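In structure tokens below, several structures.
Across the two complexes that follow, chain A remains constant while its partner is chain B and subsequently chain C.
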Partner chain A sequence: MQEIKGEDYIVIYNPETESISFQGELTLGGPSEYQPIKDLLEQVVESETSAVTLDLLKLEFLNSSGISMLSKFMLKVKNEKNIKVTILGSNDVPWQSKSIKNFKRLLPSAELKID
Partner chain B sequence: MTQKIDIEILKNYSREDLINLIQKLQQDLVKSQQNNEDIELLLETITDFSTGLENEIHSRNKEMSSYIEKVKLVTKAAIAVKEGTFEENHLDEVACRDDPLGTLAQIFQDMVRNLKARETQLADAKAQLEAVLNAVPGTISWISMEGFYIGVNQHLAKTLNLSPENFVGKELNFLKSSPEFSEFISEFIESSENSKTAEIPIYINGEQCYYLIVVQRYNDGTALVSVGIDITERRKAQKDLELERNAFARFVPSEYLEFLGRENIVNIQLGDHVSREVSILFSDIRSFTTIAESMTPQEIFNFVNNYLGAVSPVIRNYNGFIMKYIGDSIMAAFPKCPNDALNAGIAHIDRLNEYNRGRKRAGYIPISIGIGLHIGHIMLGIVGESQRFQGDALSDSVNLAARIESLTKIYGINMLISDSVFNNLENPQNYHIYFLDRVTVKGRKEAINLYQVLDAEDEKTIDFKLKTQTEFNLALEFYQQGKWNQAQDYFQKVLNINEVDKTALLYLKRIEILKTTIDPHNWDAVWHFNHK
Partner chain C sequence: MISLGNIALNNEDSINTMRKKILQGLKLLHEDAIIASRIASITSQMGRSLCHTCSESLLNIGLFRGTGGVAFCLVFMADESSLKLALRETPYLRTFFDQIQTLPPYKNWHRLQCLVWLGYASLPSDEIIQKARNIIQEKSRTELMLDLQENNQKLSLLKEQLSILNSQLTQENLRMGADLDLLKQMQQLILPKPDELQSIKDLDIAGFMEPAEKMGGDYYDVLYTNGVVTIAIGDVTGHGLESGILMVMTQMAVRTLKEINEDDPVRFLDILNQAIYDNIQRMESEKNLTLAILNYADHKVSISGQHEEIIVFRHGGKIERIDTIDLGFPIGLHDEITDFINHHLVELNTGDGIVLYTDGITEAQNMNKKQYGIEKLCDTISSCWERSAEDMKQIIIKDVYRHIGEQKIFDDITLLVLKQN
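Moving on to the complex of A and B:
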């Protein structure tokens, strides 16, 4: 179990369920501030796993830099790995209802589970 | 952008063409990589910019929504105040803000704090007032102008075996315990009076009690408060006192008290007295001791009370009052005029005759009485010692009336009056009154004239008296002149007509004595009685 914690957010990686849970509000300033999360994502991808779940259900807010980071992660998987990606999202969270489907455009193999 | 290269065509390319192509492709690749980097840079720049913007908007939104949250808290607090569930610390997290909302919350807290303090004060004052009102040993009720209970105090509720809540909003007479009270209140409401007092009967546990009720308007006359005190005991005491006084009144008549200028028996003191000129009536049963000899004490009492009960009312009927009873004798006073006394005396005889008819029917011997009337000053007062006193009339005049009465026996007539009575009568011609004698009684030097009242005699006596009138008057004339023999002749003539005429017999006996003791020339026509 690994986690990255900020003032308004927490990101938890659970290897057993092969899921990364994003909670709270991600309003970090730019790529450098997102770097620790980005590193975590890459580490998971590199760890010979065959599937990963991104749980965004409790992620209330994500800014453009965050979206950029996740988008790049999708591209990286598409280009480099054969990993099954599942994204859990919610239509109740404004940013998710608009942006999550774009992840599938970047990674057509990804599975979207939207409440 | 580089054209798509057909591999088949490339087979025909020369080495130089190929090198050229590779060179061109290399250049294209570098260009493309350059482009790619530019686009990525552009993306980074835009992302950076939008991230900054988003973060700012987001933080403002957050701030705004937290502000709205606080406003919601204040609104909630207002509702809590209304519902009475507000606690001061409800707004602490808003009040600590350093902005207008914080100030609003602080003002709100202050206001609520003051309000609560006042509420507590008010509740304290109310509790205090209630405690006082409940401690008051009287009934208190608040009543609306429509005649309904607004409330009552503990004492009132308890008196009627209820609790104060049972009264709120009820009609005044909902217990049917006192229609008089409801009537009193509605009369008061309709009147323009500010307050009113009355003694009102109220049924409590089936017993009639009395309350002194004071009612008063309050709240600018829009409601009224009624305060009541139980006066049942007091009234009872008052009634008992009245009964007691009435009981006393039988011993000391109210006329007696009036005479003494006293309102009631309680005010009477030993030595109280008053001196006045009144007509005095003295009556006595003749030979009472002889009659009484054959009776038991109880029979004597019964007899005397029977007799006094039969004849006493006539005294009151003629404005007189009984000063005292002495055994079978009545001593009465008539303050107004001598006619009252004379009429009472005549009625007294009438009543006696009636009484005697009753006695005769029952097989008893009729009794005879004597009545003496006199006018004089009497001293009416209270004698005795402080533990036992009685009314009494102390006066020479009273004694004289008694002496005159006792003379009736000697003259054999029912009633004798003194000249003081005769001379003061109004319309003496309405009666049949005749001069009888001029005498002094034992213990007195002054001579008085005595008159017989025929109206008080029975028919037979009147008949004889009228028949012997001329002879009797002549006899008296001779007697007064000291002409003993002529006087004797005429008295004898009277006796010839009425052999039991006691007066004539008395005169004859007297003349026998006078003949030997008195010189007719010194005769003043006054006979001196030396016995009682």
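Moving on to the complex of A and C:
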């Protein structure tokens, strides 16, 4: 288990379930502040894993820099990696109903599981 | 010999400390406390006389194993003449110790070894030896003070370096602050002027933009040529220099496409995306932007591009929300977006209108971190639909600031109200 924790959020990587869970509200100020999370995502796709689940169900808010970071992640997977990405999300969370569709457009192979 | 430690004999303080340590150490190792006290006294006499005659002397303390069993062993180390003089000044030395002998010189030191048999054949336990070492090697108050002084000197040097670094950073901050001020000016400078808005007879338009302290990259524009009003609103991700530059680039790209009368929304956004995408790549930037483009002519509005929901209010206060997710894609994120571009048509009758905004409004937080929210925004619009665009703008902004209260403003706040005359 690997964790990145802030005042209002926590990002947990569980290698056993090959899932990265995002929880709380992520409102970091720009790419440099998102770097540790970006590094974690890249570390996971660089590992030998063949699938990864992004669990966004409990991520109540993600600001535009955060959406941008996840979008770049989708593009990276699409361009460089043969990894099955599953996104768990909810239509009840405003930012998710909007952005998860964009993630899918960037990475058409991604599987969406929307509550 | 098993060493328990060294004590430098260089002043009265160190002699006193040495006496206490020997007393304490020997009490631990020898069952007779009186012997300990006698040895401590005579050693301090010897030490004092060494200290007076010689610039540098040392007492080496240890445990010695010999024919008589285990001994407490003191080795006085000094130059030859001082050692001789001290021995003359301390004639009783020989009566206190069981055995005294001169050892061969070690480096420049002449050495005198004094032993007291402890009355046992084998060495004390490791635990006892360690305890004795701790006693002998414990730093005196003076030594601690000296250490402290040395550390303080190091610290004050470090502090000096830090203060230099700090002033460099302050300068850097000031410079960046000046950059941001410049960008805020640039952002305001490029906004459409009230007389331009008033020249559009069909629409009543009012705009508002307040940059956050860290300046986001909000953008809006109203351009009127050949009977078509083009309204644009966008938001570059993040804050600072890059966001500001991208905002100005976007304004120019939109204006250029408008000048060449590009009225196909797919081509319009595709070309704009290409240009911005390539510049973002050149800048090695992580940023992108949401952008909605509205073209108005003769009561009809065509909306394209992905941005916040667009709010249409009808005569009477009814609200319609238009989701823009399927109308476009973030600009500058991907080099191919044509498949995602669509347009949506809205007809406006007198009293109807459209409210455009950036997330600085809907995501404005109060002290409890509660966001203003789109529902509240719709309610406010619905409650004042009858007013002029300018009044509506002021009512909405006032309500947003009421919500924010004492909380910090995290993002640029942009609002554009247009109403069919």
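Keep this in mind: the second predicted complex is superposed on the first by the 115 of 115 C-alpha atoms of A that agree within 3 Å, B and C clash if a C-alpha of one lies under 4 Å from a C-alpha of the other, contacts with A are read in each partner's own complex, and residues count from 1 in each chain.
The rule is short, and it goes like this: a residue touches a chain if its C-beta (ideal position, glycine included) is under 8 Å from a C-beta of that chain, and two chains touch if they have at least 3 such contacts.
Because the structure is a prediction, the values reported are computed rather than measured.
On the superposed chain A, the positions of chain B and chain C overlap enough to count as a clash. Put chain B and chain C next to each other and count what each touches on chain A; the higher total goes to C.
By the touch criterion defined above, A:65 reaches both chain B and chain C. In the overlay built on the shared chain, the residue A:102 is in contact with chain C alone; chain B does not reach it.
Once the two complexes are laid over each other on the shared chain, residue contacts for A:112 go to neither chain B nor chain C. When the shared chain is aligned, chain C comes close enough to touch A:75, but chain B does not.
When the two complexes are overlaid on their common chain A, residue A:31 makes contact with chain B and with chain C alike.
Applying the stated contact rule after C-alpha superposition, one finds that A:51 touches neither chain B nor chain C. Once the complexes are superposed on chain A, the part of chain C occupying the same space as chain B corresponds, among 44-52, 350-358, 368-376 or 386-394, to 368-376. In the superposition on chain A, the residues of chain A touched by chain B in one structure and by chain C in the other are 25, 27, 29-31, 61, 63-65, 68.
Across the complex, chain A is touched by residues 43-44, 46-48, 50-52, 54-55, 58-59 of chain B.
Touching chain C in their complex are the following residues of chain A: 25, 27, 29-31, 61, 63-65, 67-69, 71-72, 75, 94, 98, 101-102, 105-106. Note for the complex: chain A touches chain B at residues 25, 27, 29-31, 61, 63-65, 68.
For chain C in complex with chain A, the touching residues are 214, 235, 237-240, 286-288, 290, 306, 323, 325-326, 329-330, 333-334, 340, 359, 363, 369, 371, 374, 410.
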